[in-house]
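To keep things simple, chains are lettered A, B, C and D as they appear, and every chain counts its residues starting from 1.
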Amino acid sequence: MRSQTVSVGVIGCGYWGPNVIRNFFEAPGAEVVACCDVDPGRLRFVSRRFPSVRTMHDPDKLIYDPAIDVVAIATPLATHYELARAALRAGKHVFLEKPAAATSQEVGRLVELARRRRRTLFVDHVFVYTSAVQKIREMIRQGRLGRLHYVDSVRINLGPYRHDTNVVWDLAIHDLSILDYLLGRLPKLVSVLGASYLNANSEDIAYVTLQYDDGIIAHLHVNWLAPVKVRTMILGGSKRMIIYDDVELVEKIRVYDKGIVVSRNSAELHKMLISYRIGDMYAPKLEQAEGLQVAVRHFLDCIRSGREPVTGGEAALRVIRVLEAAQRSLRHGGRMERVRP
Amino acid sequence: MRSQTVSVGVIGCGYWGPNVIRNFFEAPGAEVVACCDVDPGRLRFVSRRFPSVRTMHDPDKLIYDPAIDVVAIATPLATHYELARAALRAGKHVFLEKPAAATSQEVGRLVELARRRRRTLFVDHVFVYTSAVQKIREMIRQGRLGRLHYVDSVRINLGPYRHDTNVVWDLAIHDLSILDYLLGRLPKLVSVLGASYLNANSEDIAYVTLQYDDGIIAHLHVNWLAPVKVRTMILGGSKRMIIYDDVELVEKIRVYDKGIVVSRNSAELHKMLISYRIGDMYAPKLEQAEGLQVAVRHFLDCIRSGREPVTGGEAALRVIRVLEAAQRSLRHGGRMERVRP
Amino acid sequence: MRSQTVSVGVIGCGYWGPNVIRNFFEAPGAEVVACCDVDPGRLRFVSRRFPSVRTMHDPDKLIYDPAIDVVAIATPLATHYELARAALRAGKHVFLEKPAAATSQEVGRLVELARRRRRTLFVDHVFVYTSAVQKIREMIRQGRLGRLHYVDSVRINLGPYRHDTNVVWDLAIHDLSILDYLLGRLPKLVSVLGASYLNANSEDIAYVTLQYDDGIIAHLHVNWLAPVKVRTMILGGSKRMIIYDDVELVEKIRVYDKGIVVSRNSAELHKMLISYRIGDMYAPKLEQAEGLQVAVRHFLDCIRSGREPVTGGEAALRVIRVLEAAQRSLRHGGRMERVRP
Amino acid sequence: MRSQTVSVGVIGCGYWGPNVIRNFFEAPGAEVVACCDVDPGRLRFVSRRFPSVRTMHDPDKLIYDPAIDVVAIATPLATHYELARAALRAGKHVFLEKPAAATSQEVGRLVELARRRRRTLFVDHVFVYTSAVQKIREMIRQGRLGRLHYVDSVRINLGPYRHDTNVVWDLAIHDLSILDYLLGRLPKLVSVLGASYLNANSEDIAYVTLQYDDGIIAHLHVNWLAPVKVRTMILGGSKRMIIYDDVELVEKIRVYDKGIVVSRNSAELHKMLISYRIGDMYAPKLEQAEGLQVAVRHFLDCIRSGREPVTGGEAALRVIRVLEAAQRSLRHGGRMERVRP
């Protein structure tokens, strides 16, 4: 790092880029000095919002600017690998939008490159940094859910349609990164059933099933053709259950002190007795922090400390491996596929 | 029919039986005269609520009572076939709780028996008779949804656990009968992914996927281990979309005047342009009628007119065929199975 | 009491009467033997539902039937006093729908009569017997809310319009009985602002404000002309706040661990520092019991033990005194009125 | 105006000021060139977000800067009058946060000053510019509600507590400006019942009742001590009813095709028959525009055209007159007060 304040250049000023710019501005110790886009309209938009930021069309100019410490990449997926590789080679730390790259080979190479150059490679799996997901992880770690049985996620909306990817790579990736963070391991098997209504080459609805070693099942419904926005994840445990509703403004997490008690009748040993335990529901207080702000600060901390980010290259690689297995399953009409470790 | 008023005997007075008794009492032209259960406690309960009803332990006494016109069967699944067969043979009309029987062979034999004896065989797929489902069917028939793309249903709750069946036979059957009524045809392929947490022999969570000839996909999430009761069905069409929320007390159906417009750029023919059409949402007024009451009255009409009920033996047979394919898929770890026509 | 089982006669079989009949049937140790109504259609309806109950047109026949122990009165308000008086004089215990009577003089006389005849006079302020209201009272008693500041209730719906009374006597009476139970004392001052859109002689919208000795304010919005049914009560305390939503099926009570911390800056003594304490929200588990069933059982207990019911004549008298002050306020255009103790 | 682009200076960079700055930046034809605050921390915050904006401590420097066309004032109420007067005298157009000033005399003088100097005086009653409120006004104008009976508004939250004003001036002012826009006239009578729990000198809960000439009643519940944020307005008309829920993200307005039909029985002329008409509910599509952006653009249009803004000085004066009557009512314990025309 050349100075106390980290200088950031942002490539890609579409839908998400301005959020990245704003959050680097709001984080202590960082400043956005330049941004780059192919569309002059987007650059004008950024200039109006952030008049001090230099704008440019050529990403190389930004990547090779010696005054820039960090390159943040918020471009379409197809360009991630080339841009991130060039930035790492130029000695920059990289803040990379998800998905990290199009293949696990590419992500693997970025991980290796960052390691050799001793630069921080951060992939913006932003949900991992929300208070809600962090609270859920804490509760799982403390054993509050008992044995986790299943995770069921619904992440649907009317668009936005993306031409550069399908709904699995666009939406299920959020759930996959959350699951990677919560469970800390890869699923064993993946199967995906998809449908392509708008464009025969790209799924706009998909049902993803993940099976883990210890019997946990995760099921994801992702959909670009739904009438309303739903982002609900149910975590069913033997002791407690959680509903995480990301569309709620305040009470995003509800913890249900409910469970099932299985006992065996001593008289009739063959007969299983099932009863329900129903207690209070509670919604724990969550910090109001914006996930992207927490992500940016964690990234800046990792640059300073040299530590691997929670969603560094290795975590991103695990997520991409699951996506690749999902893609293979889609190609084979929903066949169960092993995730390559 | 022996008289103006149809005399009904009810076998099985557990959870659902008393509802059947009450609804026959409330329907004009019918009267419950007897009921039967193995549990004296349940008979006492019925006596307190309906003091005029004779109670008995032996179903044969009820089935062979010449004063009884209709036998309603609300017992566990394993007994459906024997009881219904005996009642039809005794010349009774039969009101049979779902599932009609344990196999399509059995249902086929009941259908045949009812035909030969000229008796009405009615299977209580009660959701078909709700104002909500009838309104949805009307909208589909009128072409209001445009081309139907997908149906996504979530039907989950904490129990009640049933020892005599699994979650697919207990809950997905409702969706299958609704789909049969809405779409009027069998799915081509079925696959089911299930998990058994409480009892290794019986699934308590399942994800059912149905594929129809014309590209419609239906997906059902059924679950006995969920912290809250959810009964939501999304129907996504090219012109409009519906959310049917059966847990809502008043506005069970919401119609979204939303759609996706796909056009092709004349300049760049290869590029597809996707845009969204977003209009009003509305919740049509629904009759407040109880589904079971509508079902009972339809059954009584069919007895009088000799017509086949909407959910007669043939419809029940189609539902059972799908359940059998689902069961085969479960046995083979989620394999895609053809539905036998 | 003549026998082990209490014999009940019900006068008035309109909207609420059949609920009363059903609940006496469901309560152990009671049985409805007769009912009475001026409308033959209502008697036929009851006969179909409860075939063992004798029906009659003349209330005197029921009141003076020596086989009857309890007279339950679910008729229009104008007849309450005469019927209850006759029943008490005939030595019956009385289960009286709210409002107990049209004036505090009348209620006072019924109280006195019941005392002299050693009979139980019970007024069916049914919300007092719901698990939700009982839970709230428990929390207030335990000091969980800290100092109670205010109660704000909204009880609105589209009708049902009642010709025999106004919206204050029809709906606010529920809140007044709940407040009487929760706070255990009369308000000091009452003011009511009402409007009469449908009928110049009878308010269909009203805003009732109650002021208590210790600074507590209660405000009630009651309305027959609202598009949706709302029944929400907020209780604001210094330590915690409760929202009681009676329209919710399961989580009727939400407890917010929120409060306001007022401190004074030592440097600038004149400046008050206000900060907020925000903690978890929780929804305590409530029993699923039906309020009317709890009420009926409590009434039967009081008959057996000779104890004064929680909503006996004295409690009903307090509620009527507040209604009378409310009525005076309405007559004087919203003037503040003292409640006569 | 000195140039094509309107140059804006913003005084007050607390909670709301940065929103004003951003919205002037986003509006075509305007630019924020300077801002002013007594707190250096707030100026640093603005500098980070809007690096091109000059910051200063002295408002006079901003007001008398000849390069500035517009002075936007987002300071505490006590300073509004002096700052706005100085700005108008210096020939600036003024964008003034609500409440316009502390008394109707002050607002009257600002109106007069703006008139004489031919400058635009705009008061930021921002809700008037939301799509929801504009849609409601359109429906009222088109007669869709029939005869309007009542407006009931609940605007409550846990704080934020304000030291410079009470809850009526802070929150009810929003409803008063919406009502002024919807109804286009002053109420005749105002009464307010308030309570002061945190600070004996300032109400934190209040119930405001407004009576209009034609029998319309408006009732406002405003509250800084509520556990959750509620912003719901019900408009009850003879033909239709609206619920406007500002906390909803998408469907802020729900229109209920419900009404009450009052007829008279020909046989019994004295008897009024009340029945309910219940039809569909619908949520009209609303533009997603930010209210403040619409307000800023309207303000800029008025500068260009010389027209009086919808929420110009005259409208603000009407709102202040109602607030003054409300304040008198509070002082007299809820007495009904006339609004001075």
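The rule is simple: a residue touches a chain if its C-beta (ideal position, glycine included) is under 8 Å from a C-beta of that chain, and two chains touch if they have at least 3 such contacts.
Note that the structure is predicted; figures quoted are calculated from it, not measured.
Among the remaining chains, those touching chain A as well as chain D are B, C. Interface comparison, A-C versus C-D: the higher number of contacting C-beta pairs is recorded for C-D.
For this pair, chain A with chain C, the centres built from the Cα atoms lie 52 Å apart.
A straight line joining the Cα centres of chain C and chain D is 39 Å long. Within chain A, residues 228, 278, 281 each touch two or more of the remaining chains. Against chain D, in their complex, chain C makes its touches with residues 149-150, 152, 154, 158-159, 161, 163, 191, 193, 195, 197-199, 205, 207, 209, 215, 217, 219, 221, 223, 225-228, 234, 236, 238, 241-243, 254, 256, 258, 260, 262, 271-272, 274, 276, 278, 333-334, 336.
For chain A in complex with chain D, the residues that touch the partner chain are 22, 25-26, 48-52, 228-229, 247, 249-250.
Put simply, chain C touches chain A in their complex at residues 251, 257, 278-285.
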